[in-house]
Amino acid sequence: MNEKELRLLLESVAKGSLSVEKAQTHLKNIAFEDVDGYANVDHHRAIRKGFPEVIFGQGKTSQQIVGIMSAMSKASDEVILVTRIGSEKALDVIKAFPDAQFHSDANMLILSRKEPGIKSDGNILVISAGTSDIPVAKEAYLTAKSMGNHVTTIFDVGVAGIHRLFAHRAKIERASVIVVVAGMEGALPSVVAGMVKAPVIAVPTSVGYGAGFGGIAALLGMLNSCSSNVAVVNIDNGFGAGYMASSINQIAAH
Amino acid sequence: MNEKELRLLLESVAKGSLSVEKAQTHLKNIAFEDVDGYANVDHHRAIRKGFPEVIFGQGKTSQQIVGIMSAMSKASDEVILVTRIGSEKALDVIKAFPDAQFHSDANMLILSRKEPGIKSDGNILVISAGTSDIPVAKEAYLTAKSMGNHVTTIFDVGVAGIHRLFAHRAKIERASVIVVVAGMEGALPSVVAGMVKAPVIAVPTSVGYGAGFGGIAALLGMLNSCSSNVAVVNIDNGFGAGYMASSINQIAAH
Amino acid sequence: MNEKELRLLLESVAKGSLSVEKAQTHLKNIAFEDVDGYANVDHHRAIRKGFPEVIFGQGKTSQQIVGIMSAMSKASDEVILVTRIGSEKALDVIKAFPDAQFHSDANMLILSRKEPGIKSDGNILVISAGTSDIPVAKEAYLTAKSMGNHVTTIFDVGVAGIHRLFAHRAKIERASVIVVVAGMEGALPSVVAGMVKAPVIAVPTSVGYGAGFGGIAALLGMLNSCSSNVAVVNIDNGFGAGYMASSINQIAAH
Amino acid sequence: MNEKELRLLLESVAKGSLSVEKAQTHLKNIAFEDVDGYANVDHHRAIRKGFPEVIFGQGKTSQQIVGIMSAMSKASDEVILVTRIGSEKALDVIKAFPDAQFHSDANMLILSRKEPGIKSDGNILVISAGTSDIPVAKEAYLTAKSMGNHVTTIFDVGVAGIHRLFAHRAKIERASVIVVVAGMEGALPSVVAGMVKAPVIAVPTSVGYGAGFGGIAALLGMLNSCSSNVAVVNIDNGFGAGYMASSINQIAAH
Amino acid sequence: MNEKELRLLLESVAKGSLSVEKAQTHLKNIAFEDVDGYANVDHHRAIRKGFPEVIFGQGKTSQQIVGIMSAMSKASDEVILVTRIGSEKALDVIKAFPDAQFHSDANMLILSRKEPGIKSDGNILVISAGTSDIPVAKEAYLTAKSMGNHVTTIFDVGVAGIHRLFAHRAKIERASVIVVVAGMEGALPSVVAGMVKAPVIAVPTSVGYGAGFGGIAALLGMLNSCSSNVAVVNIDNGFGAGYMASSINQIAAH
Amino acid sequence: MNEKELRLLLESVAKGSLSVEKAQTHLKNIAFEDVDGYANVDHHRAIRKGFPEVIFGQGKTSQQIVGIMSAMSKASDEVILVTRIGSEKALDVIKAFPDAQFHSDANMLILSRKEPGIKSDGNILVISAGTSDIPVAKEAYLTAKSMGNHVTTIFDVGVAGIHRLFAHRAKIERASVIVVVAGMEGALPSVVAGMVKAPVIAVPTSVGYGAGFGGIAALLGMLNSCSSNVAVVNIDNGFGAGYMASSINQIAAH
Amino acid sequence: MNEKELRLLLESVAKGSLSVEKAQTHLKNIAFEDVDGYANVDHHRAIRKGFPEVIFGQGKTSQQIVGIMSAMSKASDEVILVTRIGSEKALDVIKAFPDAQFHSDANMLILSRKEPGIKSDGNILVISAGTSDIPVAKEAYLTAKSMGNHVTTIFDVGVAGIHRLFAHRAKIERASVIVVVAGMEGALPSVVAGMVKAPVIAVPTSVGYGAGFGGIAALLGMLNSCSSNVAVVNIDNGFGAGYMASSINQIAAH
Amino acid sequence: MNEKELRLLLESVAKGSLSVEKAQTHLKNIAFEDVDGYANVDHHRAIRKGFPEVIFGQGKTSQQIVGIMSAMSKASDEVILVTRIGSEKALDVIKAFPDAQFHSDANMLILSRKEPGIKSDGNILVISAGTSDIPVAKEAYLTAKSMGNHVTTIFDVGVAGIHRLFAHRAKIERASVIVVVAGMEGALPSVVAGMVKAPVIAVPTSVGYGAGFGGIAALLGMLNSCSSNVAVVNIDNGFGAGYMASSINQIAAH
């Protein structure tokens, strides 16, 4: 249930077209709903935060994911995102929700029963440093898109051949918010942020080896960026970057 | 020289009220200016990024800081910020720039020759978890304010007595962007971000001891936040948080 | 052999109903017993610590586990716990001990030949932050229950939707001891401990990714808790948390 | 204001001996009180947690400490603890609160206007491994004592000469809760916990050098204890250990 | 070729019973021998160090191991040790060297064509803290035994039930050198070393989980031992401990 | 397209033998070429850096690798290197490029359609400490050779038998640039660099176990070398070492 | 009281020349003695370990050190060592014990009231890699000498000029036990141990900077030594190395 | 004594103008010279490595530095460098060697009794990212210059305003070897190396704060550079970078 749905319900009560008893039944689970003891689905989140709870697939069984999705889909018809879900679990879920779409390149499953609608005039740009960083970039792209934003991408423009980046200067300068995804030394966000006013969300990836330490080198590089319009999310957290970018892109819409 | 000053200059040339030669002299240093070999001041930054270069005081001599400020103040009358400057160096600088103000609680020096002007309808809220985190929060506050934003603060509302936070719920929900400053376990940004739609910039501080490891515990806590509208800056980096918050708050104004 | 069994034996000797020779034979292995050279089972532990040795299954063969269980079950009829045992090894053990029960959601095997009995009026509450933390929480629950305590649970009440936690306020305030299990940023123990007088045992889990570093972020968060009635056990150590909670809950019974 | 004081006040209102207006004035600050913008003193804590807020002296000015103490001492006559306060700041505070006592060996300042009273039949034992660990052990001792517990100590009984520990076996076995303070390899808590049923709170100290890494070696040793009735607090956190021990010792009194 | 074999050869030359040409041929490879470009076998080591080169099996193919063993077995009839070799590679090697014995519990393969002979009156004792530490302890045992020492063992005597250790006091006090193998908190070497004059070689193992960090906790514990007759080898390095113990036990024999 | 090919093309235009239109078409992709959205191949690199882009195989699909190789082979006939490619992917690639050669001992695939030609009078020497370090050393060898250098090797000359190294003294002193590959304690580069004037590129490998931490010990050892003619590349980065050595060996040829 | 003094006392009792009462008074404190509550001096150590307790000066006040020394000097006339004591504290102690000698280059204070006597035919050699490592090497030297060993030294023979080491080959080969002290990359122990049969105690020092991390690089290098007759003590722990070397050198004398 | 001086001496012997006895006396110390037991000066280094030993000032007393300089200056008239020497020690040294020059901005002291002479046609370029990195850059500059190279510099051209770097493109492309000095995220070497063929020596500095961890972030960034013509030296090791650059620049001259 999102903010609009809640207002409609209350207006119906005010107009007498909905009895207090029925409204009460409907609202009972608005705060959260216990799903068989293993989950407390936060239905209130769509009202409070403008977007429903997102299911973190890792460490949950297919059965648990289906159970949570069922509770969510009964409560609202907003989009449902499942992140960090492999193809095997995704197939199980699709049996229960045939309309859900699995994006194997981003390990995401999306159940979207209505068009999200565009909630901001701004636009989000997702840039990746290398080809191997694309899965994380795709996760950011899909998340931001599902949340109702214009999103575009530029892939494989790392700093070892920096003219590739500069060839996209106009597109970069037009973006309202930029997500920059990079592994290895993680230098790309600093260079991009040095070119623009817009806020840059930096996503370190675990791409690399040896002293890359599974993304630590990139993470530290980004936290120590000499450009100041940069903030950082967790290693490989494309989802968080897309969510944060959407949150920024929609501040006018709050 | 900011974007507006540049347009005026070019219009003067177009109207014939400024000779090409004089314009050329004026523009010669626009890209950057070499200051006695030790600094290349990036005067172009105000045009490109909407705010002039900020001087990182740590590791520079008073003399170097004054030199850079002189070059900057000749090129434009925008506000000049010096961060991470102790009282001793600040006194030296004030001798050369008597209008500069030193904020000892944030180790910042600000030279502001005209009112910054408010560049966004939005507002930034800076929250600190504890009394000891205030210096970092102040740095964020002063930075965002100097950059032309409405900024307010709430201090000392850590999670050990969480009702103190909830008492400010209305103010928190009204903010366009929120900066949350916390040391120790760094849990406050997760709780705040769970309450709102707005983007949250989390700033870990080095407050604490032992296994706090000078802010690493707080940093890791924030990077692993279970709330998704959170991005993180470097430990004790109040300046970066204020800058990023301003960048977000002014995206409509781009 | 527990404390009660020892007293009975000695009283029998005192009354003459048990010969010194027989008592001696019985007591010979009371300190510890060598099992085929690979283990020294500490039979004295039940007397000294109120609960027999617990078998750490990881790194032991099925055969070694069965051997140790045989020695223990001959010496006493107390409950026998095997932790960190996978389903394959568990099946091997159940062939030898058909009464043993395997709890696959907690990787524990329990051989309980008599009801443990409740040894304290207090009660232990086990809380988990997320659905993925449940296996560790279950290990704590089963351990504390096997050791003779009233135990209840609340699962999936993380800080990103903190009203879910507050809905259980009464139950939380009634607990004598609370075990809080959380991964990612590990903020939940601080919030819970801030609400109550009771001691809180915090258990970091390896749930998360990237800069969660397999539970280090959660561990550091908990060690740096700004609430003072918190102490921490090893990452994923549900068993230790349940044991410690039982030890606390039974201090009146010492 | 503690729980008893609150009940008295409400009973006075019920009996009509206190007007609603006066009660209201009295209760206005019960949740928390803003002290000059830099602190929100949590007066509700004494009711909620059985002990008032404790002032973490590090990173606060003498003036801030005095300000918070003034607010607290007006609200209640419970004991006030200031931790991590050096002798210089302590002298400043004593000027404002001449009854306060400074314990230089534990860097604590205690303002106790009435006897704490003993709130539990149990007793807490504080053990230190070496002479250099005594300051941390003293902090635990003073905290637990101020909170209304019987507390005793054994100092300098490290594992390199383990017979020194065993000489105190009777005292160790009589304790309800044990705090064990150790630096270097931090092995003492495992050995002590192996001897008793009682819960053991382990406190790593930064005593040592080189690969002790300021207490990390001891911390890791304690987190990996092969004894299960052990939980750990932050490095050098004698205060937290004393608080947790008190919380455990008083569970019967909840 | 060991020291004795070298002396015999030179004496033969001196006596004229061996021609200079033949001796030269024999000695040509004494410094080292190139094996197909991938290895330079150090035949001189047996002379210089009293024991031939030992083959580190990890990261080598079966073929490379056999090649090196062939070169070594032609040059001398001393024992040949291969460490860190799995059962699959071991089977390959045994095809080429049917007399070699594989010890699967220590991942060692030993080719011993003559009895090593006892080279010291002293004796080495190998102690392990837990059952899971036995593979590493076995590696130390087999190494020291192969090098010509009296070696005995005590397994599963960890500090959580320290009376099990004290029951072996006499045996411990009789040892010339003691190897102590322990995972988790690694406290056992400190306790053992506190009981005796003899040098103690501490071997941390990767047994444990979570904040054990694959043996780091045990390693740091041992490096920070409060007993001074302790030195440490690498994590899981049973071979190195056995070698070092032998080196110590035979100093009289140098 | 390399520098020579570019000059030829421009001369053809100057001479009129190539039309401007055709030249333009040819040059359009010279900066970089978008390959199906997942890669921006930097064709300009051969001109700018003297060697075309190298494909980092890890994290790319066979299909992506083939796509990039197709774009590169159309643009120029320079050698194409693919690093960190396993045998399975290599087989896929060889189907599309039957002339490509897979070096399984270095996980490299090389497509070389013309002899590289020797571009320097100098020579590069690659030394490995142990047999297990050979794969990394081979990667360095193949890279440097493909880039047009004289390259020789010495394998298995670690510091535990340092006479093996000294036996190659003449060869070592003749080298223009030396690559030293070592795992474990990584001491070999210091010893080699102490013997010569030539620059030494040190490559730490992940060979070892326990406190080797996957190459960190060797990396730190090399960064702290007491010999000054040493610089270091990433752990296991044989490719980078070979590339850097070539870059040095060809400085005269710039 | 050492082993010999104990035997004499008991023989006196047996012969009747010492009354049981007097003997009892004398022996009362043999296990340990409580010194004003802050120390439990382990007088039994000289009997058990062949050398009395050594005082770790760091973190103790001058007064505490004098107190412990008084208790020790009353109980026995063995040598008393105080390690990690600065010149200021040393002067305080010398006021109380004018015979004590302070070695400022090793931060040690030694009170030796009788010649230690040589307890082994073997000899200990202490080698340092650099001039800056000498203080740690001196600590090892003084410790081993005080414990009754022949000790010699070689200083400043690091691996960057390895011929300096080889010039001392004869002396190195004659040593029974070798202590090797090195900072930076810590490679020297591997090279030395590769030359000899004798056991080598490696001592990492904090000499160096940057990625030396206060001795961690050297420590890891030594733990990963490719020579097997090496064991390691804590960073800068010259005392421990000297003690361990003495323990090894005197194994014949046990 | 350098290579040329040695040849002259031997020729004099050959011609009979120098007696064998005198030559022998002269050559006696050529390998190394013992300076009062605390240093073994490696006089052979100038012959072997083309440059004499450099004195690492940190951790040595002024007296030791003077002693080593005296030994060196008697043996040869090559330049003598002392690194990491503060102004106080430098003044002491200048008393003994009035011709020595102290460079306070690089903490270096240089005693140069003859012009070094230029030993290569190539040139070395030293680039620094920020003003605060200049001291390290100066150390590299002075070292390379003292070793006989053409050296130029560009300071303060970090990636946040990357056009400042591109303005120097021609100078950068002309360099034979480039040293790039950067703190914070350490991204500059990747960008520079992406522009040129020349080898790049990257020097991380400890400039920065928080998650910069004293240069670790920059170090990791550089080790993971996506440009391949990069190798790295220790944090703040300007000396090593200058030395390595000289070694590379003079490979033609070997």
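Chains: A, B, C, D, E, F, G and H, in written order; residue numbering restarts at 1 for each.
As a working rule, contacts are C-beta pairs under 8 Å (C-beta built on N, C-alpha and C of every residue); 3 or more make two chains touch, one makes a residue touch a chain.
Keep in mind it's a predicted model, so treat the numbers as computed, not measured.
Visitor: If I list every residue number at the interface of chain A and chain F, are over half of them used by both copies, so same, or under half, so different?
Guide: different
Visitor: By residue number, over half of the contact pairs should agree; on that basis which option among A-F, A-B or B-C is the same interface as G-H?
Guide: Of the listed pairs A-F, A-B or B-C, the one copying the G-H interface is A-F.
Visitor: Averaging only over C-alpha atoms, locate the centres of chain C and chain D and give their separation in whole Å.
Guide: 27
Visitor: Can you work out the whole-Å distance between the CA centroids of chain D and chain E?
Guide: 50
Visitor: At what distance in angstrom does the C-alpha mean of chain C lie from that of chain A?
Guide: Going by mean C-alpha positions, chain A sits 39 Å from chain C.
Visitor: Among all residues of chain C, which ones touch two or more of the remaining chains?
Guide: 130, 160-161, 194-195, 210-212, 216, 219, 223-224, 234-235
Visitor: Going by the touch definition at the top, which pairs of chains touch each other?
Guide: Pairwise, the chains that meet the contact rule are A-B, A-C, A-F, A-H, B-C, B-D, B-H, C-D, C-E, D-E, D-G, E-F, E-G, F-G, F-H, G-H.
Visitor: Would you tell me which residues of chain D are touching chain E in their complex?
Guide: Touch list, chain D to chain E: 129-130, 158-162, 184-187, 190-191, 193-195, 208, 210-213, 216-218, 220-227.
Visitor: What residues of chain D sit close enough to touch chain G in their complex?
Guide: For this pair, the touching residues of chain D are 130-132, 134, 155-157, 160-161, 163-164, 167, 207, 209-212.
Visitor: Spell out the residues on chain F that touch chain H in their complex, using ranges where they run on.
Guide: Counting only chain F, the residues touching chain H are 48-50, 54, 122, 176-177, 194-199, 201, 219, 223-224, 228-235, 239-241, 243-244, 247-252, 254.
Visitor: Within their complex, state which residues of chain B touch chain H.
Guide: So the residues of chain B in touch with chain H come to 31-32, 37-40, 42, 44-45, 53, 56, 58-60, 64, 68, 84, 204, 206, 214-216, 219, 234-237.
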